[in-house]
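So, here come the structures, one by one.
There are two complexes below, and they share chain A, which is joined by chain B in the first and by chain C in the second.
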Partner chain A sequence: MRLSHRLACLVIALPPLAIVVWLFFIPFLSSAYLSLLREDQWSLRNYYLVWRLYRYDILYTLWIAFFSLVAVLVIAVFLCGYLRIHINRPVEFLFKIPLFIPFVVVGHAMRVLLAPKGTLNAALSQIGLVNMNDPPSIAFGWIGIAVCLIWKNLALAVLLVLGSYRSVDETFLEAARNFGASTFQQIKDILLPMSKASLAVAGAFMFTSMLASFSVPLMIGSGEPPQMVMIDVFYRINYQMDYGTANALGVVSYLLAMGVAGYYLRTIQKGT
Partner chain B sequence: MVEVRVENVRKMYGKVEALKGASLNFKSGAMTAILGPSGCGKTTLLRSIAGFIQIDEGRVLFGNDDVTELPPQHRGTAMVFQNYALWPHMTIFGNVSYGLRLQKVPEAEIRRRVLKVLELVEIGNLSDVETRKPAALSGGQQQRVALARALVVEPKVLLMDEPLSNLDAKVRQRLRAELRRLQKQVGITAIYVTHDQEEALALADTVVLMNQGQIIQTGTPQDIYLKPGTAFAAEFLGVSNQLEGEVADGKLTIAGQTVSYAGPVRGKAVVIMRASDIQIEDPAATPRPETMALTGILEESLFLGAHYRQYIRVGRIVVMADSADPRPTGAVRLVLPSEKVQVYGQP
Partner chain C sequence: MTRRTMRMAGVVLAGMVIFLPLSSLVIWSFAEKWYWPHLFPQQTGLFYWAKVMQGDLLRALTDGFLIAIVVTVLTLVITIPLAYVLARLPVPFKPLILMIFLLPQAFPQLPVFVNSTTLLYQVNLGGKLGGVVLIHMVGALVFAVWTMTAVFKSVPEALEEAAINLGASRFKAFYSVSLPLATPGIIASTLLVFLYSLDEFTGTLLVGSPFVLTLPVYMYRTSVGYELQVASISALMLMVPGIVLLVLLERYMKSEYLSMFGRI
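Right, the complex of A and B next:
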């Protein structure tokens, strides 16, 4: 490679590299370093506190992220399969709308919809399904958070999964249809297996983003334990000024996300 | 075995009329090739028969059954695609057995039929078909698997959309002969779409020539080649020269040269001469009876392997002629039997 080409490659690679180093590696190393300090002494006490106070929150976070991810992927796989086979642009657009809505707005909208005195219960009470004197509360619990994350992430999932399905040549589907494969069989037997790698990548992206959810659980959650990890980090810093434990929680979150990132890298390496 | 009939089939893509009222009978148990240039509507016709395309007008009949409104899976056809369309995540066995699994055929029967059809298409070693995936096969082998996948469900009609066009010339020629053998052996009604005239002539019992959404001519390969009904048919089949001419008083004038003409055409005409029919002679040689002769300047002679192609300037146009030997450049006479000169009136 000529020197000018090498320089050009370096110039192109430098900005994203600088961003990754500045916004990811340095904060990560700094977090890891600070999480091992307690009152200016090397200590694992921060991690002990994470274990003692937040182990259920970590499981709670993983559960919500995992549940939401599975739900999003199951819906996206079949919804996109249907939209791939029976093209319907207006419906496709409807599912992509949440892409353009910020998380805070999603949180607020779901509060209005899913709160005990919210519009969903009010509508259901009109047909006698809900008693407004003792209304169920979907909003203030893990199901409310999951509903928000599913709705918001479904748009991204539709974008990625439908894109991947569209790259499957029509003749593969026609060959199956020719033998009598139903829409469900075309999705299950052809589209899904041929898009596995893209689905894995989409799943990795969404799982990491769900782990880091903050505004939705802040607005929707119950306000009582268990909480999602990012809420814990927020309280630990703002109300207890305990940066050590907050950093330890951060490192644990990094490690969870890195596990998924490793899976992502393995998948794209297999694909190349 | 079933006869396929299409009656006055029309299909529009936006404002473009891809099929302009095509009507045709595909003989039961025979191989019919639909031949034509790109965009002539041949694939649209095939896909209309398969049911992948909803036609705007007309009917498609299998025997006495009107299948026009039926979805592809209820028509009893099987399609072999140009790109093979083998599912890459399934093994060879998985690909071939898929149709039978959808039909809920018992496992032992699936196994027996799949292995039998793979043997029929001569896939080679059958021991690893349950572990090997299509990507591990050559293009020719993949097309055999695609053919096996189509045949295993015992369709009423076998549809093939340029199945050999992605293969190299040698494999294509070998598979062509095997396709013909298989079709005769199974005795299935087969419709084969191609833009390769040689392939159509070699494979088919009947050739259907299409252009611009219309059926131009139907006949045996010999009829189509030797007695083309239109200037398009004559020009499309064989390596042909198309020249403009004019007929008046029993004389045909081409590029300023006049020859005698006794045919029915009058006025402006299109003259088609196949390169393989033209002989090149010395301009001083004695003219032969029952031939048409033009003089020209041989400009170039290219070696094409089996023969030489000569490029001869006649007036403002260049005529191609094939011969076994190269010839030196300079003045020549182009001679071809009168019956090989095809003259068509211009509309």
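Right, the complex of A and C next:
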């Protein structure tokens, strides 16, 4: 390319690139830098504090993300199998709705629904399933967070998994049906094995977003330990102004996300 | 069971899963008196709807829309040329540029935005509308660059070459051939950028607090403050633009675009 063209490219690329570098790339790198400083001295004390104060929170976060991911994938695999074999457009449309409902709203809706004196317990107590004097609390705990994450991510999973199921050729399914395969067998033996790669990609994508979920645990968390990692980062900044430990915890969360990203790249390269 | 009843049962079940959590919001927004453990409110009415129309909610709504409009226009103006160039020309360092625009999707945003907030305060944009616009643009740009690059790649290059062979300049070929053909994709991407900005929470909370108020942040504050009616009304208002968009665009939206939405 001529020099003038190169210059034109540079001018065009500069404004968007500058914003992302300034407000994401540099702050991202400075997380690592700030996490190694304690009172203006190089030190690993921040990481020691993360280990001492937050190791159970890290496990708690991993547990919620892992549980929600497995639940979403299992539901999506069979729901999409059903939708692929017996076409049902209204159901497909309904499961797109959560895509357009922001996480904060999901958090609030579940808070109203699942709180001890929430709508669900009120409904269940009418038919005597719940003791009104000691209503169970589903919100304000890990199950409440998991329900929100599953509800919201299911829409995404249905979209991605159904897309990959649709790309499986109909003749395979017809052949299986001719040999008398049930819907379940068609899913287990044909659709699922042929969509493994895209399932892994969708899973990796959802797992990082679940690890990083912030507004949902903020809305329906209990305010007491254990907390999800993003809440710890937020409280560490807001209440203690401790940027060192908050950034060390941030770096830990990047590493967790990167582990998943590595797996995701390997799956894509294998191309299975 | 016949196939027809199976289908109906599926629709009813899916409807319950999707609408049960949302229905509580509707009931709460009209509840004036609601004592535990009654299934429905004792007294319903429009009292809280009238009340929120005078309060902070209106400010949050107008500020949120203002921010979203500015973010959308700025993002569009700087992304279209870049996306075109990335789709067509052998730009130097292209993989690096694309990687930088992928980072905000791949890593948790909150710990990064904590440091971005410090940077914005250094240039006196913290707690101001300008700062919130910039932090929204980080996410909006990632989204716009990837979708619009794909849109321009899907416009056949041969058409442009034909225009150039007939004596059009590169700019003329872009402006009167590629741009019109890319318009439907650009519109879809624009609407989603707008919705992203309207719904953005993390960045707004960190950069904007306590002075800039958008609807998601306002809803968060009222919900944790147990003003459940006000929070539910805000939540319903937040859902409207997304649902409208879904109904309008469902048939035209490619699943790659929709999938970007799982993040908000």
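Just so we're on the same page, the second predicted complex is superposed on the first by the 246 of 272 C-alpha atoms of A that agree within 3 Å, B and C clash if a C-alpha of one lies under 4 Å from a C-alpha of the other, contacts with A are read in each partner's own complex, and residues count from 1 in each chain.
The rule we apply is simple: a contact is a pair of C-beta atoms (placed from the backbone, for glycine too) under 8 Å apart; a residue touches a chain by one contact, two chains touch by 3 or more.
Everything quoted here is computed from the prediction, not taken from an experiment.
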Exercise for the section: Specify the outcome, clash or fit, for chain B and chain C once both structures are aligned onto chain A. Expected result: fit
Practice task
Counting touched residues of chain A, say whether chain B or chain C comes out ahead.
Solution key: C
Practice task
In the overlay, answer first, second, both or neither for which of chain B and chain C A:Glu174 touches.
Solution key: first
Practice task
Using the touch definition from the top, say if A:Gln185 reaches chain B (first), chain C (second), both or neither.
Solution key: first
Practice task
Examine A:Ser215 and indicate which partner it touches, taking first as chain B and second as chain C; both and neither are also allowed.
Solution key: second
Practice task
Mind working out whether A:Met194 is in touch with chain B, chain C, both or neither, as first, second, both or neither?
Solution key: first
Handout entry: Superposed arrangement, angle subtended at the Cα centre of chain A by chain B and chain C, nearest 10 degrees
Key = 90
Practice task
Return first, second, both or neither, reflecting whether A:Met230 touches chain B, chain C, both chains, or no partner chain.
Solution key: second
Practice task
Please work out how little space separates the C-alpha atoms of chain B and chain C at their nearest point after superposition, in whole Å.
Solution key: 13
Fill in the blank from the handout: chain A contacts chain C in the complex at 1, 5-6, 9, 12-13, 15-17, 19-28, 30-31, 34, 82, 86, 88, 90-91, 93-113, 117-123, 125-126, 132, 135, 151-153, 155-156, 159-160, 163, 205-206, 208-209, 211-212, 214-215, 218-219, 230, 233-234, 237, 243, 246-247, 249-251, 253-254, 257-258, 261
Practice task
Sort out for me which residues of chain A touch chain B in the complex.
Solution key: 169, 171-172, 174-181, 185, 189-190, 193-194, 196
Exercise for the section: Flag every residue of chain C that touches chain A in the complex, lowest number first. Expected result: 3, 6-7, 10-11, 14-15, 17-18, 20-25, 27-28, 36-39, 78-79, 81-82, 85, 89-92, 97, 100-101, 103-104, 106-116, 118-120, 134-135, 137-138, 141-142, 145, 195, 199, 201-202, 216, 219-220, 223-224, 228, 231-232, 235, 238-239, 242-243, 245-246, 250, 255, 258-259, 261-264
Completion exercise
Interface with chain A, chain B side, in the complex: residues 50, 52, 71-74, 77-79, 81-83, 85, 87-90, 98-99, 102-103, 149, 153
